[in-house]
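Here the structure comes first, spelled out in C-alpha cells, and everything after it is commentary.
Order of writing sets the chain letters: A, B, C and D. Residues in each chain are counted from 1.
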Amino acid sequence: MKKSVKLVTIGGGSSYTPELVQGMINRSDKINISEWWFVDIEEGREKLEIVMSLAERMIKKSGLPWKIRYTLDRREALEGADFVTSQFRVGQLDARVLDESIPLSRGILGQETNGAGGIFKAFRTIQAYKEIIDDMKELCPDAWLVNFTNPAGIVTEALINQLGWKKSIGVCNIPIGQQKAAAKALSLKDNEVYTRHVGLNHFHFHQIWDINGQDRTAEVIERMYGDLREEPTETVKNIVNIDYSAKFLRSLNLLPCDYHRYYFVAPEMLEDSKKEFAKGKIRGLVVKEVEKELFELYQQPELDTKPKKLEERGGAYYSDIACEIICCMINHDNRVMTVSTANLGSIPALGYHDIGEMSCLITSAGPVPLVTPQIPKFITGNLQLMKKMELLTVEAAMTGNYEIALQAFMINPLIPHGDETEELLQELLLAHEQYLPQFAGDIERIKKECPKRVQAVKEIKAWIAKEEEKIYG
Amino acid sequence: MKKSVKLVTIGGGSSYTPELVQGMINRSDKINISEWWFVDIEEGREKLEIVMSLAERMIKKSGLPWKIRYTLDRREALEGADFVTSQFRVGQLDARVLDESIPLSRGILGQETNGAGGIFKAFRTIQAYKEIIDDMKELCPDAWLVNFTNPAGIVTEALINQLGWKKSIGVCNIPIGQQKAAAKALSLKDNEVYTRHVGLNHFHFHQIWDINGQDRTAEVIERMYGDLREEPTETVKNIVNIDYSAKFLRSLNLLPCDYHRYYFVAPEMLEDSKKEFAKGKIRGLVVKEVEKELFELYQQPELDTKPKKLEERGGAYYSDIACEIICCMINHDNRVMTVSTANLGSIPALGYHDIGEMSCLITSAGPVPLVTPQIPKFITGNLQLMKKMELLTVEAAMTGNYEIALQAFMINPLIPHGDETEELLQELLLAHEQYLPQFAGDIERIKKECPKRVQAVKEIKAWIAKEEEKIYG
Amino acid sequence: MKKSVKLVTIGGGSSYTPELVQGMINRSDKINISEWWFVDIEEGREKLEIVMSLAERMIKKSGLPWKIRYTLDRREALEGADFVTSQFRVGQLDARVLDESIPLSRGILGQETNGAGGIFKAFRTIQAYKEIIDDMKELCPDAWLVNFTNPAGIVTEALINQLGWKKSIGVCNIPIGQQKAAAKALSLKDNEVYTRHVGLNHFHFHQIWDINGQDRTAEVIERMYGDLREEPTETVKNIVNIDYSAKFLRSLNLLPCDYHRYYFVAPEMLEDSKKEFAKGKIRGLVVKEVEKELFELYQQPELDTKPKKLEERGGAYYSDIACEIICCMINHDNRVMTVSTANLGSIPALGYHDIGEMSCLITSAGPVPLVTPQIPKFITGNLQLMKKMELLTVEAAMTGNYEIALQAFMINPLIPHGDETEELLQELLLAHEQYLPQFAGDIERIKKECPKRVQAVKEIKAWIAKEEEKIYG
Amino acid sequence: MKKSVKLVTIGGGSSYTPELVQGMINRSDKINISEWWFVDIEEGREKLEIVMSLAERMIKKSGLPWKIRYTLDRREALEGADFVTSQFRVGQLDARVLDESIPLSRGILGQETNGAGGIFKAFRTIQAYKEIIDDMKELCPDAWLVNFTNPAGIVTEALINQLGWKKSIGVCNIPIGQQKAAAKALSLKDNEVYTRHVGLNHFHFHQIWDINGQDRTAEVIERMYGDLREEPTETVKNIVNIDYSAKFLRSLNLLPCDYHRYYFVAPEMLEDSKKEFAKGKIRGLVVKEVEKELFELYQQPELDTKPKKLEERGGAYYSDIACEIICCMINHDNRVMTVSTANLGSIPALGYHDIGEMSCLITSAGPVPLVTPQIPKFITGNLQLMKKMELLTVEAAMTGNYEIALQAFMINPLIPHGDETEELLQELLLAHEQYLPQFAGDIERIKKECPKRVQAVKEIKAWIAKEEEKIYG
C-alpha cells in the first residue's frame, strides 16, 4: 500500500475546497492520507467552518479513515507536511472587484489574472507567500507546494526563483479543459488525445495529438474555430466568447488559450468589458453572488458530496488537477500533465530558469518538462515580451520597487503606455494599500503628492458599494 | 592620394540629393570620385534633371574635377560601381500619404516607418530591391550598398539576410542627432561625447559617454527630460514633441529614440495624430509642399550650394552620414558610427544574424559591431518582440505570404489586434496594388470577396484628392 | 487489439537477429506483426539463410501467426514498412579488425566506436545509408527507423539532420544496463530505480533516482566505484574493466558510461590495448570466433530459442531495446527510455538540432526528450568538444571532404594531434577504400603521393591474415 | 595638455621594467605622469633597487619631469593610483622551474602558461591578487589594472569575475607580434594590416586584413606555413619552432597562436621537451641565466636606455603594449588592440561574462570588444573545452577546492587523464606549498597519506639544484 501522507491546504475556507476533498476521495486507491489540515485566516473563519463541516460529511460518507483538521494557526498545520496546496485569495473577492473596476473606470481592461489587475493580484499574493515560505522552510522543508492561487505562473516564478522553494508546482485548469474540448471536437475519448503545451500560464499555445501518433491540430482548429465548426466553441466560465480569426490560428497552426482573446481579439474584448461595466457588471461581483449561494448550499446538513452548482463557479477541475498531480507524484506512474515549472531548456525562447507552462512528466521527484514543439516567430516574440512582464512583476512584488512596477505596467500589452499608465498604477497601489507593505513608502508619497488619485479611488469604492447594494439590497 | 571610386545614387531625383553632393564636396580631402552616377525612373525624370543641374553647379563651384552623370537606365549606371547609395521612394510621396491616411481613417496610427504604414513601405521597397540586387550581382558584385530608404532596419534585414547582399549598410540620421543633442545638453562639443547604441532602427536606446571615460547618461536624462531641463527638447522634424515620463527613462537609465514616443507615450501621440488628421493634416502632404518649394528653389540658376530650406525637410544629416561612412571606409580611419548591420553577437537579445542598429567601428571591410551595453529586461522584451515584427515583415515582403503579413500586423504594437487588423491589411494591399506584385493573388481575391474594402479605399483616395486640392487649389 | 504492423530488419543475417526475434515473441501481447522482412546483401546470404531458418523455428514454437520473409532485394522488403530496424555492418567484422589494428600498429587506441575506428565506421555506415534512405523515401515514407548500427549517435546525427529522415531513433544497450547495475548495487528491483541520462551516445552521464523521489547517485558511486564496493563492477563485454577514480566521479556526482574509460583512464586503457595487440588479441578477431560458434549453434535443427551463448557476444539487450521501443510506440504507454534523438533544448550545452542521448518519453509520435539534469562545467566542456567531433565526422562522411575528415581526427581526444594524425587518416582511407566512394578522389591522390602509407596498410593486412591463421589454422 | 596620471607598477623589480619605462618615455607626447611608483616584496628588494637606479637614469636622460618612487609597502604606493600595472611572478623563476620540471619528470608536458604548470602559476598568482585587490578597493577604487602576469587570460577571469575588479585588462605580446609577422610576410608595413582575433589568451586564432578591405589570411598561411614560404617562420622566444600542418591551417582558414603547437603538433612538441629535459635544459633555467646577465647590465652606471639584450628575454613588446593601452585610454583615440576582457557576446561560443581574448576598441572607458569572425566547428569545440579548463582553474584557485583542481587537470588536453593525473596534482601542490595557503588542508593530508609524492618532490628539487650548480658552478 502507498505510504501515508500529511496534506495541508492553505485557504481552506475557499469555495473550491469541496472539489478538492471530492478529488481525493475519488482517488482513494492512489493515496492514503494520515492527516489533512485546512488553514485560513481570521477573516475566513466562518467560511472555513462551513466548508469543514461539509468536508467531514463527505469523508464520512466515503467510509475512508482520513483525519480532517482545521485551524487559523498556519504553523500548527504545516509541521511535517508532505504536500501543501494553496488556494488563498489575499483581500478576498473585494480585492478582485477593485482590480477589475479601477482600470475599467478609465476604459482600460480589468481582468483579474492579466493586465493591471493580474499584476496587482501577483503583488498581493507574493507578499503573503513571503511569510508562508518562511514557515515552510522551518516546519516542512521537504514538502511539495501545489499552488493554484492566480496568477499561477507569476506566483510560481516568485516561489521557485525568488523565494527559493524549488518544490513548487503551479497548477491551472485550462490545459485539461483544452484536452477535453479537443477530444470532443474530434469525437474521441479524452484519453485518446493528448496536448503538447508551450508558453506561459494563461498565455500558452498547444498542439493536439492522437495516440496513434498523428498531429490533429489543424483539424481541431477547423472544428473549433474554422470551416468545420458546427456549434459555438465554449470558453472557460469567466471569459466572454468572442471568436478568434480562423485565418490567424491557421497561420500559427497552434491552438490558443482562452485568455489569448484579450491579446488577439483585443478591441472587441475591451469593448465588451466596457459595456458590461457601464451596466455595473463586474465578474468579481458575479462570483461573489455565486459564492454566497454556494456557502448557503454547503450549510445544508444533508449535503455530503460536491454540489453540481460549484461547476458554475469558473475554475472547474482546478482542484481536481491538484489531486491528480499529488497522486501521480506519490505513485510515480508517468502521467504527462501541463503545469507551471522551471523551463530548463524545454522552451528555448525563454531563459533557462524562467518558469513556463508546458507538458511535463510527473515523477515522484516532481514535474520534468518535455521539450516543446517549435513555435513560429510570432509566438516567440510574444512569449519573450510576456515573460519579461512576468519577471518585472515578480521583481516589483519582491522588492517594492516602484520604478520596476511602472516598467511592468509599461510592458504589459493590455495596459495603454502613456501618461495614464502611472496614474493607474498609483490608484491600484492606493486601493490595495493594506496588502502591499512592500510599497508602503511610495504609497505614502502618492497620498501626499497626488490628491486626484486619492479622490479617484474613493469614488470607485463608493461606486462599487452602490453596485453591491443593488445586488444584495 | 586615395584611390578613385565610382559612386552610384539610386533615386537621384530625390530632394535630398543636394545634401549628398554637398556632403561629398565637404569631404573632398578624403575621397576622390572618378564618376558619380544618379539614377531615377521615368516618373522622376523631371526632378532628376532639376537636381542634376543644381549638382553640376555645386561641383563646378567647388572646383573639383568630379564627373556627374545621370540616367534612367540603372544598369548603365551600376556597372563597376564601388559604392551605391540608395534613397528611392517607391510610389513617391503619394504612397506615403496613403500609408498615413488609411490607418488614420480608422483611428489607427498612421506613420510612414512604424506601424502599418512602415510595414507597407517595407513591402514596396523590398519588392523594388529584388531587381536592383539582381542587377548589382551581375554588374558590380563588389560594391558596397549604403541604403537610407526607410524603414532602413527592415530593408537592411532583407538586403543582407534574404537578398544576400552582405555588403549592405543601413543608415539613419537619428543617432548622430542624438549625439549632438546630448553634447548640447552637457554644454560640450560634439566630439567630446559619444553614444553607445543598442537596438533596432527607430527603436534603439543609447548611453552617452564623455571622452574622459564617464557615463553621462543619467545627467543627460535630467537635462533633456527631467529636473534639470531648461527648455523643451527638440525632436526630429517629423515627430510631434510630446514628453516622455522622466521617471520611466530614469528607471531604464538609457536614452530613448524620438520614435519611441509612438510606443511609450502612445495614447497621446495617437490622439495628436487623429486631431491633425481631422484637420486634414497629414505629414506626407506637408512634405509634398516642402518638396514643391525645394524644387522651385533648386531651379534657380544662381543657386550653387545646398539651400538652408532643405533642413526643414526632416531627415537632416541623412545624406551627410552616408558620405561620412563612405569616406571612413575608403580611409579606414577607425571612426565609430551607429548603423544597421548584422548583430553577430553584439546584442545578445537578438539572433546572431538579425540586423540590429548599434555602434560599429567603420573599417575598410565594412562596419564591425561593438558589443553593446547590457539592457534591462524591459528593453530586452520589447526588442525581441519588435525584431520578430521586422522578420515577419521581411518574410511577407519576400514571399507575398498573406498569412505572414497578417502576423506582422498582429504583432506590431502600434496596430490594434482584432477584427480590424485584417481589414486594415486588406485596404493597404488594395491601395498599393501596383507596387506589390508579390501579393497579386491575394489582392485579386480581396477585390472579389471584400467590396467594402474596395469602397473604403476609393473613399480615402477621394478624400486625399480633396485635401490636396485645398492646398494647391 | 493493436493494429498490425509491417517490420523490416536491414542486416537480417546478423548474429543478433535471434535476440530480436525472441524480443518480439516475448512482447506478443503488445505487437501484432503482419509481415517481418529480413534483408541482407549477397555477401551475407549464407548467414541470412541460417538465421532465418532459426527464426522460423522460433516463431513456430511460439505459436504466433507472424509471417517471416527474407530477401537480398531491399526495395522489395521496404515497401509499405511501418518500422525498419537496422543492424548492418558495412564490411563486416573484417572492417572492424582493420579499424582496430591500424591505429594500434602505431600505438594509438583502436576501438570500433570511439577514436579513429569509430570515425571510420561512421564514414562507411553513413555512406551505405544514403541509398537506403533514398529507397525509404520512395517506398515507406512514414516508417520509423530504429538504428542500432554503431556509432549510433553519429549515425543518427546523419540520418536526422543530413539525410533528412526525421523519424530515426538511435538505440544503444548501455543505458538499460546501467539501470540494472544501479538497481543491483542498491539491492532494489530494476523497476524501482530509473536513470536520467545526459550526453552523447557512448559519452553520456547519468543520475540514479528511486521511485520514492530520492536521488541515489552518490550512493551508487560509492557502491560501484567507491568505499562501499564489495566486488568489482562489471563492464560491458567489449571493454576491459579498469577502475575509475572514485574521487573524480564524486566530484562530478554523476555516473559515467563504460566507454568513458577511454577518456578518463586513458593511459591505462591504451596500455592494456597495446599489450593485447602485442599478443595478437584484437576484439574484432575475438568476436569473429564467437560469431563462428554462434552460427554453428544456429544451424542445429533442434534449436528453437535464442541461445544463451549470444549473451557473450557483447551488445546484450541491444535488440531487446529495439523491440521495446517499437512496442512502446505502438501502444503509446508513456515509457521513459534513453535513446539518441534530436536535442531540442533538453541539453542546453548542445545545439538545438544536435543529436544527443538522453532520457525520453516514448510516444506514438516518437521519442520526446525530457529536460536533463544540470551538468558541471567539466562535462559541459567535454560534451561540446565531443559533439563537434561528431558533427565534423558526419560532415566528412556526407561530403567526402578530406580536410574536414582531418579536423575530425584533430579534435578527437583519442587520437594524438600532430604529424601522425594525417598519416593515420590516410592509412584508414586506403584500407577501407571499397566502402568509401565519397573519398575516392583523395584516396587516389594518396595512393600516388604516399607510397609509405600504401605499404603500411599492406603490412597490417598481412599481419591480420597471419593472426587469423593462428586462430583457425 | 593631457591630465596628469599616477601610475603604480607591482613587481617593479622585474627585468621587464626598463622596457616599461622606455615605453612611457617614447609616448611622452601622449601621457603626463605625476608620480610613478614601483612596488616589490622583500625578496625582490635588491632587483628593485638596481632597476630603479636604471629607471632614474633613463628618465633623467629623457629630460621629462616625471617622478619615480619605489617601495616595499604596496599600500603606500597604491593610494590614489589612476593606473596599476602588474608584472609580478609569485615564487620567482624558481617556481617556474618546478612547474616545468615536475611534469617532465613524468614525461608530461612542462610549460609555464599551458598545461599543469600554467594551472599552478594561476593558483599562485590569483592567491596573491586576493590581497592586492583588497588594497585597491580601499585605496584606489577607480584605478585601471593592466595585468601582464601570466597566465594572463585566466588571471583576468579571476580579477573581473571573481575578485570583482571590473576595470582589469589582460595584456599579452603575442597578438602584436602576429600583426608584425603577417605584415612582413605580405611585404607590407605594420600599419597596413590589422588582425581580427578570437579566442582565449594563448589559445586564439586570427585573420589578417589589409587596410584596403581585403582578407589576406589565406595568403599569410601560404607565406608563413605553406607553399609560398621562403624561410622558416619565427616563433616567440620561448617556444620551439615545430611546423604546423599547412593542410590543417588551410582547412581552418585562420592563423594559429604560437602556443597552439602544444595542442596541434603535440607529440612532436612533447618529444622535444623531453629530449631537452633529458639534457637538463629547462626554459626556466635558461631565463634565470638571461636575467642574471640583464641585472649585471642594468647595474652599469653608464646605461641609460633599455638594453638590446632585453629583447632576448622572451616577452618582447609586453611592457610596450601596456604603455600603449594606457596611452590609448587616456587619449581616447580609437585604437584597436587585442586584449583579454569580458566577452559580452563578441565570441558566441563562450559565455556572456567569460573572459576571452579578442580585438577591442580601446576607449577612455576601457576596452570594448568588437564582434569576432565566425569560427569553424573545430575551433568552437576546442574553445569551449579550454574555457571550461580556465573556469575550473579559477574556481580551484579561489576556493582551494581539491576536487575542482582535479577536474581542471582532467579536462586540460596537455595532461594525460588517468591515475597519474592526481599524482601530478599532488606533487605540484607539495612543491608550491608556501604560495598556496588556499590548499593548506589538502596539502597536509597529502603529506600524511602519500609519502611517495613527498619523496618525488624532494628528488626533483635535488635534481634542479644539481642542474643549477652545473650552470653557475
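One rule holds for everything that comes next: a residue touches a chain if its C-beta (ideal position, glycine included) is under 8 Å from a C-beta of that chain, and two chains touch if they have at least 3 such contacts.
Here's who's who by UniProt: A, B, C, D = 6-phospho-beta-glucosidase.
All figures in this text were calculated on a predicted structure; none of them were measured in a lab.
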{"item": "Chain hops separating chain C from chain B, counting only touching neighbours", "value": "2"}
{"item": "Reference chain B; chain at largest CA-centroid distance", "value": "C"}
{"item": "Chain pair with the higher count of C-beta pairs in contact (A-C, A-B)", "value": "A-B"}
{"item": "Chain A and chain C: spacing of chain centres that average the CA atoms, whole Å", "value": "48"}
{"item": "Centre-of-Cα separation between chain B and chain A, whole angstrom", "value": "45"}
{"item": "Shared-contact residues (touching 2 or more other chains) in chain C", "value": "none"}
{"item": "Graph class of chain-chain contacts, one of line, ring, star, complete, other", "value": "ring"}
{"item": "Every chain pair meeting the contact rule", "value": "A-B, A-C, B-D, C-D"}
{"item": "Partner chain B, residues of chain A touching it in the complex", "value": "245, 247-248, 250-252, 263-269, 376-378, 380-382, 384-389, 391-392, 395, 403-404, 406-407, 410-411, 413, 416-422"}
{"item": "For the chain D and chain B complex, residues of the former touching the latter", "value": "209, 211-215, 329, 332, 334-336, 344-348, 352, 361, 363-366, 368-372, 374"}
